[in-house]
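These are the structures in question, set out in turn.
The same chain A turns up in both complexes below, where it pairs with chain B and then with chain C.
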Partner chain A sequence: MALDQPVAGDQTRIHDIGYRNYDGPRLGRSYATRSLYSQSLRGAYGLGRSVKSKVLPMLLFVVMCVPAAIMVAVAVATKANDLPVDYTRYAIVMQAVISLYVASQAPQSVSRDLRFKTVPLYFSRPIETADYVRAKFAALASAMFVLTAAPLLVLYVGALLAKLDFTDQTKGFAQGLVSVALLSLLFAGLGLVIASVTPRRGFGIAAVIAVLTISYGAVSTLQAIADTQGSTDAIAWIGLFSPITLIDGVQSAFLGASSAFPGGFGPSDAEGAVYVLVTLGLIAATYGLLMRRYRKVGL
Partner chain B sequence: MYDPTVARLTYRALLGRRRALILGALPLLLIVISVIVRALAGADDQTASDLLGGIALATMVPIIGVIAGTGAIGPEIDDGSVVYLLSKPIKRPTIIFTKLIVAIAVTMVFSAVPTMISGLILNGNGQQIAVAYTVAALVASIAYAALFLLLGTVSRHAVVFGLVYALVWEALFGSLVEGARTLSVQQWSLAVAHEVTGGELVTSDVGITTATVLLVAVTVLATWYAGQKLRSLTLAGEE
Partner chain C sequence: MLDPPSIGGVATALPQLPLFDLRVTPKDPYDSRGTPRRLYGLTTGVFHVTTVVDVTVIATESLSKRFPRVTALDRLSVDVGPGVTGLVGANGAGKSTLIKILLGLSPATEGRAEVLGLDVATKGAAIRERVGYMPEHDCLPPDVSATEFVVHMARMSGLPPTAARERTADTLRHVGLYEERYRPIGGYSTGMKQRVKLAQALVHDPDLVFLDEPTNGLDPVGRDEMLGLIRRIHTDFGISVLVTSHLLGELERTCDHVVVIDGGKLLRSSSTTDFTQTTTTLAIEVTDTDEHPDGTRAVREALHARGVTVEAGSGLPGAGHILLLSAQGEETYDLVRDVIADLGLGLVRMEQRRHHISEVFQDSDEQRKEAAVHGS
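Then we have the complex of A and B:
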């Protein structure tokens, strides 16, 4: 049949319709990484996404800051000599909100990339595995830092307005910032590792919250029992097994905080060193696990 | 009202592959903690009651309820494969009812059974504590499963809202504001447990009549509304 067709060889021609190669500047790997970082950071607060996805992070941010504002208002109105809550204690008190934030935003950051198989597309750009992991990790940690440091800033400004002692407040504020920076890195790492295992967003949220709340519930119950049993040495060691008590231990050993452990039995200096080592080790381990997780994605 | 095929598919979605392991990890942790506590503190009724009330009923049952309740329908709606189910000649309320039964069964198995075991480990069912909390977990499983199944049908952020209800409303507000306890599945189930066993350690802030009426009302209304919602389901794109 095909033989019946007339040979059209001499009628074919190539039209030049003006396709051109891109010859502008190529912004390269670090630019792509920075873009991924800023997009992920914005995404963690729902910026550049739909109105519906802004509701939850913004709501949690407001819930985080409102108690600080109320405390400041009370301190100013009653001319108190001190803020009702230490800078370092604030994050411990508000841990439910922080856990919910990291549980909702960590899967948002990585699970959707897995589910819609966009990870291979990222790696078809100049960025490497390490760049992707670093950008996502840094973005979530920054978002967490914004969430946890903003109320401290409110407290600090309020304390200065209430004419509380400047050096005292500045020292407390600086210690609080170091502690929430550690907390942000630790929670972001844990959240991302758990979320990067599952492409299901809902499942990731439940898994992150389960790890954070159950470990805290278990640890604080065991600590309370150790306290009533009178074995106060054990309290500090039990605290090593949940993220929030880990931060609590670090800050009560080295950042001048009073421990939230039962009976106020915080870790001693030697135990505090173990706390710092475990915290930094966990952060490094989560980074290592993420690198391993993304070594072979979409192949 | 009950479709075995839908039930089988839902069981597979909830417990397939690694998910059963993750669901099983929580109860296992509870039992491990109970063993440690028993070894450290010996058999003590107050400790057993605190542990079962604080970890098992206040944290574990709601989290497993959220996973099972929203997991029974949420992922299907999320990835759009629910249209294949909805296009079959099965009544929508039947689908919801079947999924509810499965969610209740999964929540009960993974929360009430370990509560019972851990209660027996902690104080060998002294003062009926193990039985009381098991009854509470069973009752709470039904209400949580119905409530979170409705959430999974209504919202794409069901898991977050479910956890906010369970952890912020029941745990945080419940401990601060007296009135919030009247609207808490946990307290209703405790009221039923108190009525069944009559123990002194397991008490609730809600009367048995209020609790029963609210439990039944929430379960029935949530299931009915989820069925209605599924009749007019629109699949939205990813945000």
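Then we have the complex of A and C:
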């Protein structure tokens, strides 16, 4: 056992092996949840991951901001007295980009953990199921808020540079922020619920796109039919059935937006209240479904 | 010539198949098995307190887990002390189920359990902060590096960012991952992946780790290295270990204590010295060399000269090349190793013929085994 006999006893052994115990702080469950949140938020833009996974989210972010920058440049150059697009309208116009973003990043956030069975590993840490769901939900909603609020910020800064009316612009900007915050929560919830059903990322992407585009396609077609047939009352009610028209309804009722519905027939105040309730209910429902989904994943 | 060879000598004689972990034997002066850890506020260094205090690390009391169609654990009562404990049982015996309950992730149907003195039913989060877990299945994302993954898992265990990075570097080094730790895990071999899984279980310096089938999928060399590492987790890091396997043979050499379960029931729980003290039959197979064209015979004669009776292993696969002898504890292994090294032969195989898991089951209630088979 010659090699096992350290010449200078313990000292040598300790030096050779160098195992150090950790007696620093252990920050526990809420810190772990925050760590998962920041890792997931960074991951939603490919940070801390391969170059390949940065391409799409970064590209979509740029695509979101470029039209805003152009509008601002035009407004400044032409000394226009208003921006060509309302703050609240911007996300509606750019909904395809937003849908693509949530379709690509929701599966990235949750399907990977399921597919590579990292979820059980998380639950062997101090966090609970609810912490995992909250961290993932908050991270994707934050990522979407960054995506949708950044162009509004570009518009707002540009509007101030173009010396447009400060009060008007600030009010519009604030209304826009509230609207995209709601949109971020709703889209993040829907995207995560759909993606968490399958460990296959491809299926997740396709399913999220399908749900968002099919519901919007069906709703806007039905609204157009209702409009041509003169049943304008139905237009607002039909709008409850797709995520983007839901947001449109909420903001045209309460956030000073002009409705993008056919003929501009947005919901009345009473109908608007239903829109708010349905939106909040849907967000809560996606959260509940996610909790149920992960309670079963266990180990 | 007559000097006992050093470990290096044996290692070169047996390059392809180091069957036994020669680094740690019960005579190892640095073996601290049985010593409780950090009870007296020691925070650094390898050796803690030499006083042997009987501390229970895991205790279960009439613990049962029933799934709709299977009873995975059946009134299991067992006490586990510090050190390396093997949990052995055939597939479906309930090993992973027990670990899930001990981590506080799955409620027991009846009975109770404590880990590090904390009740699993109410103190799950506190247990998981002080315990590490290496799952039996794959759990690594392929597109991140080992460093990134382990840092993240360290933070998930509550370590502040700087500590998480430092301990990740240390831990990956301890498990034997160096430059490759910056490359994506997808390109790793099974052995390297197992090391990453082990590192994430150790990175927060737990008091106890649960290792679920850590040798699964490894080749004999990888298996031996993993077993050596597991031994070191206790002797060098001072962390108690509960390690599962469906092979009793490999855990006997690594563990201080072995718990055997079958069909969710306790079959036996004993220290490994109990196992090795009962006479064990060793099977040996060696290579031939130019100097010793019949290596088997040369070994037989050399052992005979040292007073060890050797039989030919007739009736076994490769009979004629296999020698059987009865082992009296560790000395016999050392003797065989020395004799073979002196002759300059290569050791193809050295294994215990008794106490294979199947033989333990033969002693047990056959019906219970039937039930386990039907259950899975």
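One rule holds in what follows: the second predicted complex is superposed on the first by the 275 of 299 C-alpha atoms of A that agree within 3 Å, B and C clash if a C-alpha of one lies under 4 Å from a C-alpha of the other, contacts with A are read in each partner's own complex, and residues count from 1 in each chain.
In this text, contacts are C-beta pairs under 8 Å (C-beta built on N, C-alpha and C of every residue); 3 or more make two chains touch, one makes a residue touch a chain.
Only a predicted model underlies this, so the values are computations on that prediction, with no experimental measurement involved.
Visitor: According to the stated criteria, A:Leu222 is in contact with first (chain B), second (chain C), both, or neither; which is it?
Guide: first
Visitor: Looking at the overlay, does A:Ala75 come into contact with chain B only (first), chain C only (second), both, or neither?
Guide: So A:Ala75 meets neither chain B nor chain C here.
Visitor: Classify the contacts of A:Leu190 with the two partner chains as first (chain B alone), second (chain C alone), both, or neither.
Guide: neither
Visitor: Quick one: is A:Ala96 in contact with chain B, with chain C, with both, or with neither? Answer first, second, both or neither.
Guide: The first partner, chain B, only.
Visitor: Counting residues of chain A in contact, which comes out ahead: chain B or chain C?
Guide: C
Visitor: First (chain B), second (chain C), both or neither: which does A:Leu212 touch?
Guide: neither
Visitor: Could you look at A:Arg200 and tell me whether it touches chain B, chain C, both or neither (first, second, both, neither)?
Guide: first
Visitor: After the superposition on A, what does A:Ser124 contact: first (chain B), second (chain C), both or neither?
Guide: second
Visitor: Let me test your reading of the model: by the given contact rule, A:Ala106 touches which partner, first (chain B), second (chain C), both or neither?
Guide: A:Ala106 sits against neither chain B nor chain C.
Visitor: So in the superposed three-chain picture, is A:Leu56 touching just chain B, just chain C, both, or none of them (first/second/both/neither)?
Guide: First partner only.
Visitor: Please write out, lowest number first, the residues of chain A touched by both chain B and chain C across the two complexes.
Guide: 49-50, 53, 112, 116
Visitor: Quick check: in the complex, which residue numbers of chain A touch chain B?
Guide: 49-50, 52-53, 56, 96-97, 100, 103-104, 112, 116, 200-203, 205-207, 209-210, 213-214, 217-218, 221-222, 224-226, 228-229, 231
Visitor: Where on chain B is chain A touching in the complex?
Guide: Against chain A, the touching part of chain B is residues 19, 22, 26, 29, 33, 36-37, 40-41, 47, 50-51, 54-55, 58-60, 63, 66-67, 70-71, 74-75, 78, 157-160, 163-164, 167-168, 171-172, 238-239.
Visitor: Which of the residues in chain A end up touching chain C in this complex?
Guide: 1-5, 10, 13-14, 17-29, 31-32, 35-36, 39, 48-50, 53, 112-113, 116-118, 120-128, 298-299
Visitor: What part of chain C is in contact with chain A in the complex they form?
Guide: It is residues 6-8, 23, 25, 27-30, 38, 43-47, 96, 100, 103, 105-106, 125-126, 128-129, 133, 135, 137-144, 148, 152-153, 155-160, 163, 167, 170, 174, 184, 200, 204-205, 232, 236-238 of chain C that touch chain A.
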